[in-house]
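Dropping the structures in below, format is C-alpha cells.
Two complexes, one shared chain (chain A), two partners (chain B, chain C).
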Partner chain A sequence: MHVHFLDPYKPRPSLIHAFDPRVKLVLALAFILAVALTPIGAWPVYVLLFAVIVSVVMLSELGVGYVLKRSALALPFVLAAVPILFTAQGVPLLAVPVGPWTLTITVEGLQRFITILLKSWLSIQMAIVLAASTPFPQLLVAMRAVRMPRLIVAVVGLMWRYLFVMVDEVLRLLRARTARSGDPGLPGARVGGSLAWRARVTGGMAGNLLVRSFDRGERIYAAMAARGYDGEVRTFALPPIPTGQRLILGIGLAVLLLLVMLGYLV
Partner chain B sequence: MDYAIKIDHLGFAYGDGHVALRDVSLAVQSGAKVALVGPNGAGKSTLMLHMNGILLPGSGSVTVCGLRVDEKALGKVRARVGLVFQDPDDQLFSPTVFDDVAFGPIYQGLGEKEVRVRVDRALASVQMCDYISRVSHHLSVGEKKRIAIATVLSMEPEILVLDEPTAGLDPRARRGLITLLRTLPQTMLISTHDLRMVAELLPRTVVMDHGEVVADRPTAEVLADTALLEAHGLEL
Partner chain C sequence: MHYSPTPLHIPDGFLSIYVAIVFWIVTLMLVVYALKRVNQDLGERQVPLMGVLAAAIFAGQMLNFAVAGGTSGHMLGATLATILLGPWAAILVMTCVVGVQALIFQDGGLLALGANIFNMAIIGVSVSYFAYRTVQKLAGGKPWGLYVGGFAAAWLAVFVAALATALELAISGTSPANIALPTMGAVHALIGIAEGLITIGALAFLAAVRPDLVKRNKAEVPAGRVVWLVGLVIALGLAVLSPLASSHPDGLEWVAEQQGFIGLAQSPLYEIIPDYAFPGISSEAVATIVAGLLGTTLVFVVALGLAYSRRKRSSPVES
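Moving on to the complex of A and B:
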C-alpha cells in the first residue's frame, strides 16, 4: 500500500528539466521574490510576469493544463485575504448587508485582494514547475549548495522522506477501520454509530498517528546517530555550473529586477 | 456443500498494472482451518483483502457465507469476516484497548450493554481481560496481536482471516497465540511463513506463488513434498 500521487516530479525531455538544479532554485526563488516586491495594482507587470511563467511552463513541456490544475491548490489560501476587501480604507464600491451590519467593499480593498490573488497564483505556478522539473533529492542538494541553513534543509529532507511513510500509515489505519465497519443487518440498529463517536474515533486515530510519528522520529534519530549523523548530510562536490547556464542565470535575474522596477514606474 | 469461502477464477490487478492474482479458485468449508503460504509478493495479502471487500474482484467472484462480495454486500460481508492485519499497530487505532475492541460492535449499532458484553467476551477469549483500560500504544507486540484478534472477535465473525499472526513474536508469545487460535471455533484462513505452526494447527495448506494457487492439499502432504517447498521458497 503506497502513495505515489504525492511525488510532483514529472520526467520530461525538456530544457528546463536539464537545467542545473541550483540555477532553477535560485531563479524560481528570485521570481517569487520579484512577484512579492511588485507593488499593488501594477497590472501590466503582472501580465509580463505571467508571460514569463507561461513561457517557462511551455519550455518545461509539463503542459499548461497540468500546471494550472495544480495551481488551483493555492486558491483556498487566498481566502485568508478576503477580510482585506472590507478592511482597506478608501472609496466605497459596494455595500453588503450581513444581518445587522453592513460590510463595505472599497476600491482599494478590491485592488489589494486581486493583487494578492494574482501574486499567490503566479508564485505557486513557479513553485510547481520547479518541483515538477527537478527530482526532490537534487533540490535538496541545490538548497545546500546555495547555502540555505543546513537545519532547514535537513528538516525539509526528512519531512519529504517520511511524509510518504506517514501517508502509507494513514492509509493502513483507514483500511483497518474499513475492514471492521460491518453491518450484520440487525433490525432497528443504527449502523455507523453517532457522529460524536465517529469524531472521537477519528480523533483517536489522529492522536495515535502523532504518538507513533513521535516514536518513529526517535527511532530514526537513533539510527542516524548510530551511523555518525551530526546534522549534516554529506554529498559529493557538485560539478561547476556551465557557462551558458551562468549566463541564463544572470539574464534571468536582470529581467526580474527590471520587471520589479517597471512596477514602480507604471 | 456448505462453504464458508468460495473463490471462483479470481483475477486482480492493481492500479499500476501489476497483476497480483491470476485465476485463483478456492473453496473452504465452514469450520475448516486453512493455511495460505508462499513467498513474499505471491499474492497472499491481496487475496486476504478480497475476503472482506477491501479489494473487489477484477474478474471472477468471491463468495463468503453465501454472500457474493460486491459493493452492495460490503457491510454484511465485513460483519461476518474478521480480518486481522499483520501489523497490530494498524489494527489498533484507538486510544485504549476498550475503544478498539468496541469499535466494531458500536459501528454495527449495538446498544451499550451489548457492546460491553461483546468486549468482555472478546477479551476473555484472548485472555486479556485485565487490559481493558490500557493504552494500546504501550503494549508489547504479543499483547497487541491478542488485542488485534479481540477487535474482530467482538464482531462475532463467522470467518477469521489472519495475516502473519506469529510474525515478530517471541517463542512464548507465539506458543500462546497458537494455543489461542486452536481454541477459536471460527473458519480460519491464515497467511503465514511459519510452517511449524501450520503443521501443528492447520490441516490444509494452500501454496501460492506469482498470484496463482500452485498446490492445495493436506498439510502433511505439502510439508513432505520438499521439491514443492523448495520451488516456492518455503522452509520448515
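Moving on to the complex of A and C:
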C-alpha cells in the first residue's frame, strides 16, 4: 500500500499551473495578506476578492468542487469565533434564549463573525490552489527565491522525499495493530485492553517509528557521504523569471493593493 | 487518508494582521538562532537526520488510539523530538513539520504560520525541555525520571501551547478571553493526558530497544539553560496571565481597542481621496452592488475565455 495520493498536487494543462512558482507563491501570499488587511465589514471588497479567487480557481482547472471540499478543512476552527457573536459590544440584533440565560447577538458581533469566516475561507482557497497547482520541488525553488534559510529548505526537501516512506511505515504499524484486534477506527467495535494499555501500545508504535527513522537517517547519511556529501547544501542557480510573468506579478500586486485601499474608502 | 486537523493549527483570518506579523518576526528570529546552534552541535549529519525525523513525526500524527466517545488521542511529537534530539534540533524539526502541514495540507494558515510555529515548535519544545529537565534533575538519574519527566513534559507542552493559542485569538479580537482560555485549556488538559501516555509508551519502548537514544541525554546541550529558562518563563507567564486575562477581559479588550485605534489611524486614506474619487459610490449598498456586478463580469469573462481556449485545444484532436 502506498500513499502517493497524499500529495495534493494535481497536474492540469492550465494557465495557473504554467506560472513560475516564485510568481505564484508571492501572489498567493500577497492575496492572503490583502484579505487580512481588508477591514471588518468592507463587503464590496470581499465580493471582489471572492470574484478574484473564483476566477483563479476556474483558471486553474482544478474543479470548483474539489477546492470547495478541501476548503471545509478550516471549518472546525470556526467554533473558536462563535462567542464573538454574543460578546461584541454594539446594537442588539437578536436575542436567543438558552436555558436560564438570554444571549444577544449584536450587529457588530455578526459583522465581525462573518468577516472572520470570509477571510479564512478566501485565504484557504488560495492556499489550496497554490499547493494543488505547484509540484513540491517547484515550491522548494520558490521558498529559496523568497530567501528562506537554505538549511530549512534542504531539511524540508528531504522531509518531503521520505514523507511517503514514513507514512507507509505508519500504515504498516497500524495494519499490524489492526491484525491483532486493537483497531480504534471501527465505531461500535470493542477495542482491546484498558485505556492505559491502548495508549502504551500506541506509544510503542511511535517509539518504533522513531527508531526506524533514526536508522534510516543514518543509512541516508552514509549513502550521501558515499556520494561525496560534505555537509554543504548545494543548489542550482535559479533561472530568471520571464518578462511576461514579471508583468503579471506587478499587475497582480497592484490590483491587490487597489482592493485593500478600496476597503478603507467604502 | 484522514488527516484530522488538531485544534491548535490556527487558519488564516482568525488572527489580526498585527498579531500575525509580530509572531512571524519573533518566530523567524528564534528559528534562525536555532539554525545557528544546530550548525554547531550536529555537524553534517543534521540534514538527513532532521529531514527523516520530521517526516516520521509528520507521519506519526496518524498514530491514534480510541479514548472515549469516538474521540481519539494523537501523537504530536514535540516532546519526543526534544528528548531525542535536544531542544535546538527539535525546534527545527517541528518548524518543518508545522510548515509543511500549512503549505501543503492547509492545516493552519500561511499568514498565521508564524504564530503556529511559535505555539507548536517554540513553546512546545522549550516547555517540554523545561519540564523534562526539571523532573530528571529531581529524580537524580533514577529510571522513573524518564517516565514522569516525559509525561509532565508532554502534558505541559500541549496545555501551555493551547493557552497561548487562546491568548493569540483573544488579542486578535476573534474569541473573548474569558471563554476561549478556559475552553481551550480544559480540552487540551485532556488531550495532554493522551499525549503524555503515548510519550510514556514511546519512552518505555525506546529504553528497552535503544537505550542509547534516551540515556545518553541528548537533552544536555551547552546553553540548554537558556531554553530551560525560556520554557520556565513561558509556562509561568501563561499560567499567571491566563486566569488574569480570563477574569479581567477588559485588559485584552483594551488591547483590541488599541488595535481598533490603529485601524482608525489608517483611515487618513479617506482624506486623500474625498468624495470625488468614486462619485455615486457613497453608500455602501451601492458599492456592494457595483462590486458584485464587477465581480460577476470578471468571473464571466474568465469562464468564457476558458471555454473558448478549451474548444480551441480540443478541436485539433477531433479534426
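Quick note on the criterion: the second predicted complex is superposed on the first by the 190 of 266 C-alpha atoms of A that agree within 3 Å, B and C clash if a C-alpha of one lies under 4 Å from a C-alpha of the other, contacts with A are read in each partner's own complex, and residues count from 1 in each chain.
By our rule, a contact is a pair of C-beta atoms (placed from the backbone, for glycine too) under 8 Å apart; a residue touches a chain by one contact, two chains touch by 3 or more.
Since the structure is predicted, the reported quantities are computational estimates derived from the model, not experimental observations.
Participant: With the two complexes superposed on chain A, say which partner A:V47 touches: chain B (first), chain C (second), both, or neither.
Facilitator: It touches chain C, and chain B stays clear.
Participant: Of the two partner chains, chain B (first) and chain C (second), which one does A:A36 touch, if any: first, second, both, or neither?
Facilitator: second
Participant: Based on the superposed arrangement, let me know which partner A:G157 touches: chain B (first), chain C (second), both, or neither?
Facilitator: So A:G157 only meets chain C here.
Participant: Decide which partner touches more residues of chain A, taking chain B and chain C as the two options.
Facilitator: Chain A has more residues touched by C than by the other partner.
Participant: Which partner does A:P92 reach: the first (chain B), the second (chain C), both, or neither?
Facilitator: A:P92 sits against neither chain B nor chain C.
Participant: Name the contact category of A:G250: first (chain B only), second (chain C only), both, or neither.
Facilitator: After superposing on A, A:G250 lies clear of both chain B and chain C.
Participant: Contacts for A:P242 in the overlay, against chain B (first) and chain C (second): which applies, first, second, both or neither?
Facilitator: It touches nothing on chain B or chain C.
Participant: If we overlay the two complexes on their shared chain A, which of chain B and chain C does A:R180 touch? Say first, second, both or neither.
Facilitator: After superposition on chain A, A:R180 lies in contact with chain B alone.
Participant: Please indicate which partner A:G204 is in contact with in the superposed arrangement: first for chain B, second for chain C, both, or neither.
Facilitator: In the superposed model, A:G204 contacts both chain B and chain C.
Participant: Show me the chain A residues, by the header's touch rule, that chain B contacts in one structure and chain C contacts in the other.
Facilitator: In chain A, positions 169, 173, 184, 191, 200-201, 204-205, 207-208, 211-212 sit in both the chain B and chain C interfaces.
Participant: With touch defined as at the start, can you tell me which chain A residues reach chain B in the complex?
Facilitator: Residue positions touching the partner: 4, 169, 172-173, 175-186, 189-193, 197, 200-201, 204-205, 207-208, 211-212.
Participant: Would you pull the chain B residues touching chain A in the complex into a rising list?
Facilitator: Going through chain B, the ones touching chain A are 16, 52, 54, 75-80, 82-83, 85, 87, 89-95, 99, 103-104, 106-110, 136-137, 151-152, 155.
Participant: For the complex, give me every residue of chain A touching chain C.
Facilitator: Against chain C, chain A makes touches at 3, 5-8, 13, 28-29, 32-33, 35-37, 39, 43-45, 47-48, 50-52, 54-55, 58-59, 61, 70-71, 73-74, 76-77, 80-81, 83-84, 87, 112, 116-124, 127-128, 130-131, 136, 139, 149, 151-152, 154-163, 165-167, 169-171, 173-174, 184, 187, 191, 195-196, 198-214, 216-218, 220-221, 224, 229-231, 233, 261, 264-266.
Participant: Along chain C, where are the residues that touch chain A in the complex?
Facilitator: For chain C paired with chain A, touching residues are 1, 5, 7, 9-14, 16-17, 20, 31-32, 35, 38-39, 43-56, 58-60, 62-68, 70, 72-73, 75, 77, 80, 84, 92-93, 95-97, 99-100, 102-107, 109-111, 169, 173-176, 179-180, 194, 197-206, 209-210, 213, 263, 266-267, 269-270, 273, 277-278, 281, 284, 287-288, 290-292, 294-296, 298-299, 302-303, 306, 313.
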